[in-house]
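Got some structures for you, see below.
Below are two complexes that have chain A in common, paired first with chain B and then with chain C.
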Partner chain A sequence: MNALTDRHRERLLGYALLAPVAIFLAGLVAYPFLSAIYLSLTEKIVGYPAHFVGLKNYSALLESGRFRIVAWNSAAFTVGSIVVKLVVGMAMALALHHVVRGNQFIRGILLLPWVIPTVVIALTWKWLMDLFRGLINVALIDVGVVRSGVHWLGDPTLAMVSVIMANVWRGFPFFGVSFLAAMQTVPQELYDAAAVDGAGGWHKFWQITLPSIKGVVAVVTLLSTIVTLNDFNIVYIMTRGGPGAATHIFATYSYELGIMSQRWGLAMAASLASLPLVALLIVAVVRYLHREED
Partner chain B sequence: MTTLAKKLGVLFALLTIAAAPLLEPAAGAGKLSLWRLKTYIPPADKILDLNAQECAKKAAIELAIQTYTFDDMWTKFTAAIESKTLPDIAELDAVGPARLANLGRLSDVSDVVTAATRELGPILPNADGAVKFGGKYYAVPHYAIPLVLFYRSDILTKVGAEPPDTWEDIQKVSEKVKKAGVQDFPNGFPWNRTGDGYDPAMSLLWSYGAAWVDRSGKFTGIPKAQGLEALKVVTRAYVADKTAAFDYLSWSGATNNEAFMAGKITFTPNGPSILFQEESTQHPLLKDTAIKVMPKGPAGRNLALTFVMNWAVPTDGKQQKEAKALIGCVMARENFVKYMTGSFRQMVPLFAKPLDDAYWNTPSGKIIVDTVKQGHPVGWPGPTTPAAAEVVSGNVLTDMITRVIVDKVAPEAAIDEANKRIKEIYDRLPVK
Partner chain C sequence: MRPATLARWIVLAVIVLIVFVPMYWILVTSFKTGRQILLSQHIYVPWPFTIDNYIYLFQESRFALWIRNSAITATASTLLSLVIGTAGAYSLTRLSFPGRRTFGGVVLITYLVPPGLMFIPLYRTFIQMGYTDSLGTLILAYPTFLVPFVTWLLMGFFRSIPRELEEAALVDGATRIQAMVRVVLPLAAPGLLAAGLFCFTLSWNEFLYALIFIADDSLKTLPVGLSEFVVSDFAFWGQLMAAAALASLPVIVVYIYLHKYMVQGLTAGAVKG
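On to the complex of A and B.
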């Protein structure tokens, strides 16, 4: 009887010790998330009470030509950034995997973009790409590649490419370091055996390295997709969504609706619009990882 | 007491200690909080803070000053509106009084305005529309930062052009400058998501008779013919004559200052902060920098006065009387003149007497004062309303222009789109 009571007490203590973390998580994660979903279903203007309107905000967004532009831009920005980060990150990992001397130093240097605050990165890239005084244009003109400055942040297509470049520069070390860590867990015997069978570098990569690290690739890609889809600083600082709405993405559009126009309901709907896609991605990756484990 | 109870007791005590600062009131007795704009003129900000602290000291009040920039002002205020933690004294932008008064979150400060007018003379009639609603003042006009036309006098001399007085003139002179090979993209009017975009956009439309409301502030829509004329003159610079670069449409609030001071553009609309920067750094272009009142159009010179700052007393504060007294002290003639004369001509009063001060009796000072006197509040020819505020903050006007420039939408369709958006705003936020 006493033993049971003690166990009961222990369990109670366990719950009590867990409670602060649970409350903390509920307060900081669950509540804002559920609150955002609720707000997206309301007509909520800052300072006024919210009125439930069902899916009206979502249907208004679907009918809005501007939102379609924003959705397209967000997709282009995210897919463009992720694909390039994947390729550059993989190249970084492969290169570092074979570097013996100065490996730690190079790894440290390559991690710098990931450590520098995003605001600093965005401001630096904005300056680099400035039409008149940007280092890139000055260099291109000086070496005679172009006669006048390239409109990096002015041409609608180039502006999107520019914000993608800045995002890639910030994010590729995360890919590279994660892939490198995964590569270092692949048993050397597999490569030795493949070498005996006459496999070249390309074959070893496709047949051994990539299959061995694909779980990490999937998780890193998923995490980065979520972060990139919600990116705000780079676009806001470099172009403010311009020229026109050429680089306006979900985050900048939600900011414009929610803070500048004070329309929280619509802003929440705009920022949650990508949620089904992200949820599907998460489910797909988790299921894939479970299947791999099995 | 059991071990479990003891442990829970310790846990509770720790949580209570951790939460204690959150439970503490923001401003107790004898304490006031003041939020103000952090301007581009740090010396002026310093004078304002000193004045406010002196006033607080005299009243035996502890004053806590917080700042924001134009960029993060509404982020800060939005959070405070929702959490009911607005400061005791708030310096609000041109649309702030309309928005907050409409929410019933501002106190009537007519008595403070009356006291201020005794010392500073009457409020300019064009400033009333942004602070007076239903016959009561909900904010005290502090100052305006008027947008003026900056131009390079040396370049104009070089191409034999007179300083432009109309929107058409700006375009013609820009073409001359480009043809002369002086600059590739001299026309630095950025139709972007900053005040340097939407303030000139209003001046442009109003100068062509293309306001979207009537005198009562009710929606009428941008008239097609006038709107088309206005759109034609400014989009030509980007799509036909190429005297402006698309990059200007992505500029931030400071980039046009930088481009002008780097000698890359001939024209740009800006507050007088370029003068401050050039004077304080003895910039080589200072001698070639000139200013002029913003251009007029066929319907006259109907300038927007978007950068207006106003003192307000939110109802959230518990010490209304002290807050009002502090505003009264800051706006006292001696304090105000000290601030104004230390502002490098950036902070222009909206009361009659200080506008006549000898401080403004310089060529550029006269232009700046003239601009303020001719300015109209957001939502002109009606008063500033929450709906008018949203038209501006939602970038409806500059979006209309960039739809033509960037997305190659027909000007007629761009006006229709803008009118549809504006109507939706006015339907949602009807003018009371």
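On to the complex of A and C.
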């Protein structure tokens, strides 16, 4: 009898302590999200109540040339950023792996881009790439690589390269430090055994290091893909999606539809457009993290 | 030196340089005069060296106001998230009740939903509530990503505290709440501090929600103020980079303290890029 009441009390306390989290997430995450799905199925014209239009907003998006450009840009921005972050992050981790003295210090310095505000990073890169006075163009001209300034943010392809560069600068240290932490848990015996068999550095990397840290590589890549696919700050500040729509991506596009044009139905549809992919990525992360827990 | 070691040091030097140059560029620009910037003189070192850009920020821009708004918002949303998240994490790790595992999963999923996907839906909800354009809007909005984060991070910390300590307190006649407040929370103090500093950093740096939800000029936060920084002078980069340096300073200070926890958090998968 007593044990039963104890269990009931524990349950009650459990729910009571969890209630604030639950109310918060229900009100400011679940509700907005569900109402967004509903609103994406309606059309609202100023002065009239919203009415249900089914999938019209989605089909309008899919048929619009601008949305296709946005989807393509988002893919290019995400894939470009992730691939470079993987390569540079791996290089960083491998380079730091055997450094004993000063390892902590160097790691600390290298993580700084990940700490400072993204707005600061985006503004700094915009200034670095300034046509006439930016450090990059001035240095390139000084060294003699180019004769006049490169139109980093004025040329459609270079603008995409520029926002990717800024995004990589911000994100690769996170990759590098995560990979390094994973590498340091790989047992030395594996390498010793491979060395006895006469394996070289490359061979060790592909046969031992990479397979041992692949869980961390997967989680970091997935997390970064989710965030990069829905990035706003860097593109908004550096190019506002321009020139033309050359760097317009999902979040800057839904900003344009919702905040600038007040076309809520379309804006909601655009916001949710990347959701199926994001949902898949989230499921993948959750499965990976749970597997590591067990 | 072996060729492999040499290659490693070269790679490392290049990466350090890549990280260093933009930060150097912020500082160098912030100490230049408008004339140097306009005429591209002394590109690599500020000469003459001036702190006018910093003085300008406090005397002729709304910089101090932006700092105030950011500090209020970041502090309040951090405290709110810590209280809610700590209670939630304790409940999810220490108490048993039906639906516990499911809810743990829900928290993780919410944590992974990116703001770039949520800002328009959340904005609509605040409009419906008639509650936009106040620092309170941001103080409520930031916990949408901070609470799942705190809960997730602290669940890890709570799990690492042996249950026996708490059970001993219960046997001694303490109630569950007393055991939590007197035994578990003090032991989790480093985790609470780390979670709080993380939250502060995330709120201090937040841009998207602050840009959308606040229209009143006197309520803008630091990142939004920076993004809209316009002065009459054409070569405003000096002032802007001074502002950028100062805006980064608090989070760098926090980071110096937090560094070892950050690396731990990274490996636990608790922190996302």
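In this section, the second predicted complex is superposed on the first by the 271 of 294 C-alpha atoms of A that agree within 3 Å, B and C clash if a C-alpha of one lies under 4 Å from a C-alpha of the other, contacts with A are read in each partner's own complex, and residues count from 1 in each chain.
Criterion: a residue touches a chain if its C-beta (ideal position, glycine included) is under 8 Å from a C-beta of that chain, and two chains touch if they have at least 3 such contacts.
Everything quoted here is computed from the prediction, not taken from an experiment.
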Touching partner for A:L55 - first (chain B), second (chain C), both, neither: neither
Which of chain B and chain C A:A193 touches, first, second, both or neither: neither
First, second, both or neither for A:A284, with chain B first and chain C second: neither
Which superposed partner A:H151 touches (first chain B, second chain C, both, neither): first
Which superposed partner A:A246 touches (first chain B, second chain C, both, neither): first
Contacts of A:V83 with chain B and chain C, given as first, second, both or neither: neither
When both partners are placed on the shared chain, which of chain B and chain C touches more of chain A: C
Contacts of A:F132 with chain B and chain C, given as first, second, both or neither: both
Touching partner for A:I106 - first (chain B), second (chain C), both, neither: second
On chain A, the residue positions that both chain B and chain C contact, one per complex: 9, 13, 16-17, 20, 130, 132-133, 237, 258-259
List of chain B residues in touch with chain A within their complex: 2, 4, 7-8, 11, 15, 74-75, 78, 81-82, 99-100, 103, 105, 184-185, 192-194, 245-250, 252, 255, 258-259, 262, 264, 390, 393-395, 399, 402-403, 405-407, 417, 429
Touch list for chain A against partner chain C, complex: 9-11, 13-18, 20-22, 24-25, 28-29, 31-33, 35-36, 39, 88, 91-92, 94-96, 98-99, 106-121, 123-125, 127-128, 130, 132-133, 135, 138-139, 142, 169, 171, 173-178, 181-182, 201, 216, 219-220, 223-224, 226-227, 229-233, 236-237, 250-251, 254-255, 258-259, 264, 267-268, 271-272, 274-275, 278, 282, 285-286, 289, 292
Of chain A, residues touching chain B in the complex: 9, 12-13, 16-17, 20, 45-48, 65-66, 126, 130-133, 148, 151-156, 159, 237-247, 256-262
Touch list for chain C against partner chain A, complex: 4-5, 8-9, 11-12, 15-16, 18-23, 25-26, 29, 37-38, 40, 43, 83-85, 87-88, 90-92, 95-98, 100, 103, 105-110, 112-125, 140-141, 143-144, 147-148, 151, 176-177, 201, 204-205, 207-208, 211-212, 222-223, 226-227, 237, 240-241, 244, 247-248, 251-252, 255-256, 259, 262-263, 266-267, 269, 272-273
